[in-house]
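Got some structures for you, see below.
Look for chain A in each of the two complexes below; its partner is chain B in the first and chain C in the second.
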Partner chain A sequence: MPTIYIDSKPYEALAGKNLLETCLGLGIDLPYFCWHPALGSVGACRQCAVKVFKDAQDGTGRLVMSCMEMVKEGMRASVSDKDAVAFRAQVIEWLMTNHPHDCPVCDEGGSCHLQDMTVMTGHDYRRFRYKKRTYENQNLGPFLHHEMNRCIQCYRCVRFYHDYAGGKDLGVFAAHNHVYFGRETSGILESPFSGNLVEVCPTGVFTDKLLKEHYTRKWDLASAPSICQHCSLGCNIFTGERYGRLRQITNRYNSEVNGYFLCDKGRFGYAFVNDVNRVTRPLLRNQTIEAVDEAPLMKTLREMLSGEELIGIGSPRASIESNFSLIQLVGRDNFYQGLPEYPAYLSGKVAELVQSGALYVPSLKEIEASDAVLVLGEDIWNTAPVMALAVRQAVVRTAAAQAGKQSGLPAWHDLAVKEATQEKKGFLANLTVCPSPLDEEAAFSLRRAPDTIARLGFAIAHAIDPSLPSLPDISTAMRSIVNSIAGALRSAQHPVIISGVSCYNEGLIKAACTIAAALHTIGLRAGVAYVLPECNSMGLALLHAPSFDNATARVLSKPGVTAIILEADIYRTVAEKEADAFFDACKHIIVLDSMHNRTTQKAHALLPAAAFAETDGTIINYEARAQQYFQVLAPQQDIRASWKWLGKLKGLRAAAGNGQQVHPDEILQQLEQALPAFKGISRVAPSPDFRVHGQPIPRDPQRYSGRTAILANLTVSEPRPPQDTDSPLAFSMEGYPGIPPPALIPFYWAPGWNSNQSVSKYQQEPGGALRDGDPGVLLSGQAVLRLTGEEKPTAPPLFMDIPEAFEAREDRWLLLPQVHLFGSDELSSYTPGIRRLAPQPYIGLGEADATALGVIEGDDIFVWLEGKACSFPLAIRKGLCPGITLLPMGIPGIPVPQWGSWVKITLSEDAEEIRCPSKIF
Partner chain B sequence: MVQFSDEKLKKVNEIVGRYPEGKQKSALLPVLHLAQEEFGGWLSVETMDYVATLLKLEPIEVYEVATFYSMYNLKPVGRYMFEVCQTGPCMLRGSDDIIDYIKKKLGIGVGETTPDGLFTLKTVECLGACGYAPMMQLGKHFREHLTPEKVDQIIEECRRTAAANN
Partner chain C sequence: MLSLLRTIWLVFLHLFHKKATIEYPEEKIPLHPRYRGRIVLTRDPDGQERCVGCYLCAAACPVDCIALQAAEDENGRRYPEFFRINFSRCIFCGYCEDACPTYAIQLIPDVEMAEFHRQDLVFEKEDLLIDSEGKYPGYNYYKIAGITAGVKETGQGANEEPPVDVHSLLP
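Entry: the complex of A and B
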């Protein structure tokens, strides 16, 4: 470690870092704009100037940009040098000449990097008294508000949007002091990562439009650490509350998971929490709302539970605490998943592989650092957006950094590295059913049927390890692609294979694993990531419960069962007929959910369940990483966490009385005792009695205003704030003011750093892990795998059952779901902006099939689901292979079909079956 | 429709050919100049989109570049463009007065074109002819040591040429 001298004081520093990040890491405040830990340095804004000196004798020194200066042994620099101070003051004064100084009406105010830097630099008096330039703003769609006058030309927005995320429709126009950052014309920003501009832009040019609808300054928000609920990646988020409503979601840094960025579904998909469709009171069938008081409710519930046979249906979007509480209530043998047989089987298969520890499941950060990525089937752009962003970094930046290294450039030197890299890219092969924006970065992108992709996977495995079965019938052209992919994986240091369950194809899962096994034989440890559909799909799968089909068979064979359905709309996953059959056969139906839906309509007793922002819970992501989210809203009316309701029900069943109130950490302890797959989960976060110097962690910032007046319209006395006995966090501004353990950080703030850039104060070094380590724990096999480390990696299992090649059928199409980032997910679709971006129902066919049928885009055609013809417009899917049809998943208006089955498509409702004339080659 | 003649297309290919394979974006500036010359002295969105297709770029990439440089006109311009220098040396020698004089005389502001489509007034930064300040560029020529009388003469001369060529 080199020793460097800053203002004559010696510090230990990391060689190869730049001086700016080094200073920030050492806790020395230094203003900056254009540098961003994830985007690197370009030395454009000139705000981070410091002086460096030749040696101890050099009294003059020279001004340099600290973000462009590499740390070297014996380096001498001065932050407080008066020339440097004057230079920085002048820079900010210039940047501010055109700035409108409209902080009072700016949404960024109070969490603004520009405010922070201006104060830090000491620019407090405006000398420029001329006209400021002004711009016309653009309407950028439902998520982002645009106010160009506030721009200080740091170029971070385009560097994120275009360079980092690959977006094409945000650019920089013109020159001098009329530089413009925006689209060519008003219009919805296309990138699903656009919301990050809110945090990337250091000023109020891009602000959160959803927040604007119920605006609150950061200092007035009660915040809590939370986890995104909208896919299986488990990105870390902050939730912000005021006046009992969820008002904002921002990024919570976790170096292993999401780093600095979220997708727009995660950032804006929270409106359901505040929606009028919430279940807020318990309801009993055929009784008025008013009639359902605690006493009659308990009486009815007791009747439903007593003596009857109970079954429980677990949920992939409920916490593991709630799912396990349900198991405790009904017994393990009576616990099922709300999924049909095949998808339940697939998730179970994935869980088994992940849990065994035979597969190394890479974190998003590890995917980002991979030098060869193979995607087998999964459309990760739509099913795991931030993973797609990570893959993009693996291709564009990691490879770039390597190229840079060869020319002796540090990775942070953004422009120089780009120059050195030119068009060089890391390796990505994207083998999917439909085209994806990732194809652009891919060395190979192929459109095939899932079975064919799985076969290619096995062929790749064979090309790596010839002792594995070969596939003789692969064409020469294909063989050369297979060999190239195999070659790239073999010669990589950190190969990663990504697959998932959204193709409803087991072959893909096995092929991914088999490739890893083949790479193992040549001493390479490949990462294998399987994407699952929901935020806690992995948690539910690790419980290895039987499918919904089994539950139905059970209630049909033995009437008189009371079913308890946990936070899931069965009608979204199971075909209507089957769901109806199940509900009709149950004697009593108790449903716990946060939103009214078709399943809650079936309830005999409906219990209002807390949404993720109203309770604490743990969910488990695709890597078997358990992460805890914490409550930020005190639940309204009768809303309670599902695990609390279930605890109550347990009490009712056990004996007379109400049952004992349990804490979530006790549930986790019981869980890990009962099921070894969850070993370690109780360490996910400090327990409720955790205190620092006897104090809890406050959710409210110290500048929180209106504490005594906030309820003045209801009561003039200041009521006691809600008490949180479930976690170490307090609904208060009182408590430990310092940095809490990583899992409990409720927001980022440091003196002089009001914006989220203050995260660097919480990190071991900028862009590194949080102090005391990133929150979350890896479970069972994945934890063990990391402990045993490189020395003795286990061999991933080999599969030999290669599927048959896909063949289009004469008169039927293979029905597959198309997941849409916006629209396929149940809860996020309550956000009006997300609904607006969701597709209308359609039937997707490849070009060849459309031509053969003689139909064009938009023509109404019919797909036969469950014996009924459903008409939707045709959407031609470029490259989709003949013999496959796609329906958008989870879009209202489309009955839930049996995915992966073969369906009929006709041109009219009563048409004779028409033949599918195009055959796959 | 915007479309280069075969001869101009050959020129485009020649320009693109100066750069390595896949680096056709490098040809953007000269091709835009060519397009500006060819299609009425300015770059319409249609023209820029055409250039984007020719060079296999996203239209937005062309807009970014075209808006950056002051020598690309993004609005229709007159047949004669007065590009008056307003940088320090010319300013000290009275470029402000010259600009005001042209404004009054032609009844247009900076960046505007006379209704007859003959004249456009534009201000520019130093053209490297400070020794002859105040000065302006008209077409491919410098007009130097400007005075109101000289401006009158130039305007007269332009009107005459225009009339003769019509």
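Entry: the complex of A and C
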């Protein structure tokens, strides 16, 4: 650790860092614009100038950009030197010569890095008397508002959008003092990571269009730490509330998970919480007035529960607290999943592997640091977007790190490293069913059927460890690819294999594990990440409940069962016929959900469940990382957390009727005791009675306004704010004003740092872990072993059951789901912008199949599902292997088919079965 | 003893001073133009609402008695969807007026705001908005702001150059 002197005071600094991040890490305020911890330094804005001196005798020194200066032993620098201060003041004055008089109507205001830096440098009055430059703005689609006049030309936007996220359609136009940041023409930004521009841009050029619809300043938002609910990665987010509505989602830093960035589904997919389709009152069906009050509701529920046999259907999008409360209510033997047999089996398999302790499951950060990535089948761009972003960094960074090592450049020296790297890339092999934007970065991208990809996976394992079974029938061309991939994995230091369940193929899961096992024999610890469909799929899978098919069999064989269905629309996962059969056989149906859907229509009693922003809960991500989200909204009307409802039902069922309230942390403790797989989960966040110096953690910032006026129209004597007994957070601006434990940070703010850039004050060092460690508890087998200190690198299990090669059939197509980032997820699709970007129903076929059928893009063709012909326009999927057809998953208007089954495709509704002659492979 | 007598003497002298009390309400108190009394929302010279819903007054208010919600019309012009002041809490410090970047919110020399019921002291936008520019005539924020908001074309605002031609590389 070099010792450096800043303004003559000695400090310990981290070697290899630049002076700017060192200063920020030491708590010294220094203004900057173009540097970003995830993007590195380019020295473009000239705002971070400091003086550096040759030695203790040097009184003159020289001005340098601190972001471009590496710390060295004995370095002497001055932040407060008067030349440096004057230089910085001048730079910001220049930047502001063209800046519009916009703060009052600018959505960035109050969380604006430019405001903060202007105040920090002391520039207050405009001396420049000439005219201001102006620009025309563009319409960038449903998520981002564009206001180019506010730009200060720091280049962060393109460096994120283009360099970091790989987007193609945002660039720099024109020259010198009138450069323009935007698209070539108005149009929807293509990258699903575009929403990050809101936070990356230090000014109000890119602002959140959803926030604009109900605009609230950051200082007026009550905020809470939360977890994204729209895929299995569990990105950390902040939720912001005002006037009882959810208003904004912003990134919450977690160095192990999402770092600084979210995907647009996570950032903008929250509109369902405010939607009119919410269930707000308990309903009892077949009554004149269906919405009921507590007393009649409880009476009916007591009747439904007493004496009847109960079964519960758990949910992959409800918290583990709710799922476990359901288990406590119905008993473990009566708890099922709302998934058909095969997908339930697949996620159970994944959970088993992750739990076993033999598999090393990498975090997103570890994936980012990997030097060889193999994707087996899973379309991660659509099923796990931020993981795709991490994989992209793995590819771009490994090469950069190598180039940097050769030329002695530090990793943060962005431009120089890029020059040194040129076109070199890290290793990625993307073996998937359909093309993906990740292919651009891939050394190998292949389009094959899932079975074939699984076989290639086994072939790769054989190429690594020849003692494993070989696949003699692979073509020579293929073999050379297999050998190159195997070679790249062997020579890597941190290889990562990614697969998942969205292909409905067990072979892929086994192949990924087998490759890791093969790498284990040559002493390499390979990471294996399995992507699951929903935010708490892992949590549900760890409960190892039987599938929906078993539940149906049970109610059919024994009528008179009361079914309790927890936050799941069965009609989205199970074919209509089967779901109907189940519901018809149940005597009573109690449904808990937040949105009205087809399942809630079947309910005899419907209980309004809280959405994620209205309650506390814990969900478990793909790597078995349990993370807690906290309530930010006081639920309206009769909405209550599912685990609270279920606790009440338990009270009804117990004759004594002790419906006493439990807290989420008590449920977690009971869960730990009941199921050893969840050992440690109660450490996920401090308990509700946690206090700092006797004070709770306030959700409202200190500048929160309107306390005595918000409800004054209803009653002028202010009612008491809602009391939160479930968490250490308070619905108030009173409480501990300092930095709370990482799991409880409700927003980022520091004196003088109003924007989200204040996150550096919460980190151990800029870009590092949060102080006291990142929140969340790993439940995976390896993590448990690591914790108990008995980690022995056990070998991942080997699988020998290699699937048969895929062969196209004469008259049937293998039906696979195409997951769409926008549209396939149930809850996020309530956001109008996401609905707009979601695809219309289609039937996807490869080029060869389309030619053979004699149809072109857009022609209506028929796919036979459950004996019925459904007509959708044809969408030609480039590279899709013949014999496979795709339907978009979760898009309204398409009946839920049996994925992975063989279906018929015809050109007309009553056409004879046509034969497809293109069966070449 | 001496001071006691002195006080009695001074009080006695007041009998011959000019009276400070007036016959209110028949007679009105003279209030200076900058007196911080009733709070109003004013209009710009075009007769449009001046308030742009920036929340600065609400943030400045020490008793937190201002609540509003910003909304936007089809041209992108910001205005408050609702604007509420709880005068039973207001201390008439005038910080809101100081904070307001558009001269929208102003304290005027009017103190006749007494009510029998506290609830009647809650004023909504309809009660606050007046048909006048108030103390600061002539100021129109949107003419100076960088956004067009349906008030002007890009580059037509005060002190603005015409929009940059992004296809040009000329200096």
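Methods note: the second predicted complex is superposed on the first by the 904 of 921 C-alpha atoms of A that agree within 3 Å, B and C clash if a C-alpha of one lies under 4 Å from a C-alpha of the other, contacts with A are read in each partner's own complex, and residues count from 1 in each chain.
We adopt the following convention: a contact is a pair of C-beta atoms (placed from the backbone, for glycine too) under 8 Å apart; a residue touches a chain by one contact, two chains touch by 3 or more.
None of these values were measured; they are calculated from a predicted model.
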item: Which of chain B and chain C A:R707 touches, first, second, both or neither; value: second
item: Touched partner set for A:A174, first chain B, second chain C, both or neither; value: both
item: Which superposed partner A:I522 touches (first chain B, second chain C, both, neither); value: neither
item: Partner chain in contact with A:R217 - chain B first, chain C second, else both or neither; value: second
item: First, second, both or neither for A:E423, with chain B first and chain C second; value: first
item: Partner chain in contact with A:A795 - chain B first, chain C second, else both or neither; value: neither
item: Contacts of A:A56 with chain B and chain C, given as first, second, both or neither; value: neither
item: Touched chain A residues, chain B compared with chain C; value: C
item: Partner chain in contact with A:A291 - chain B first, chain C second, else both or neither; value: neither
item: Common interface residues of chain A - those touching chain B in one complex and chain C in the other; value: 173-175, 180
item: List of chain A residues in touch with chain C within their complex; value: 99-105, 109-110, 131-137, 147, 149-150, 173-178, 180, 182, 212, 214-217, 219-220, 243, 703-710, 712-713, 715-717
item: Chain B to chain A touching residues, read off their complex; value: 22, 58-61, 63-64, 67-70
item: Complex interface listing, chain C residues touching chain A; value: 52-56, 58-59, 61, 63-72, 78, 84-86, 88-89, 101-102, 118-119, 121-122, 124, 141, 144-147, 149, 154-155, 157, 159-169, 171
item: Contact set on chain A toward chain B in their complex; value: 168-169, 171-175, 180, 183-184, 423
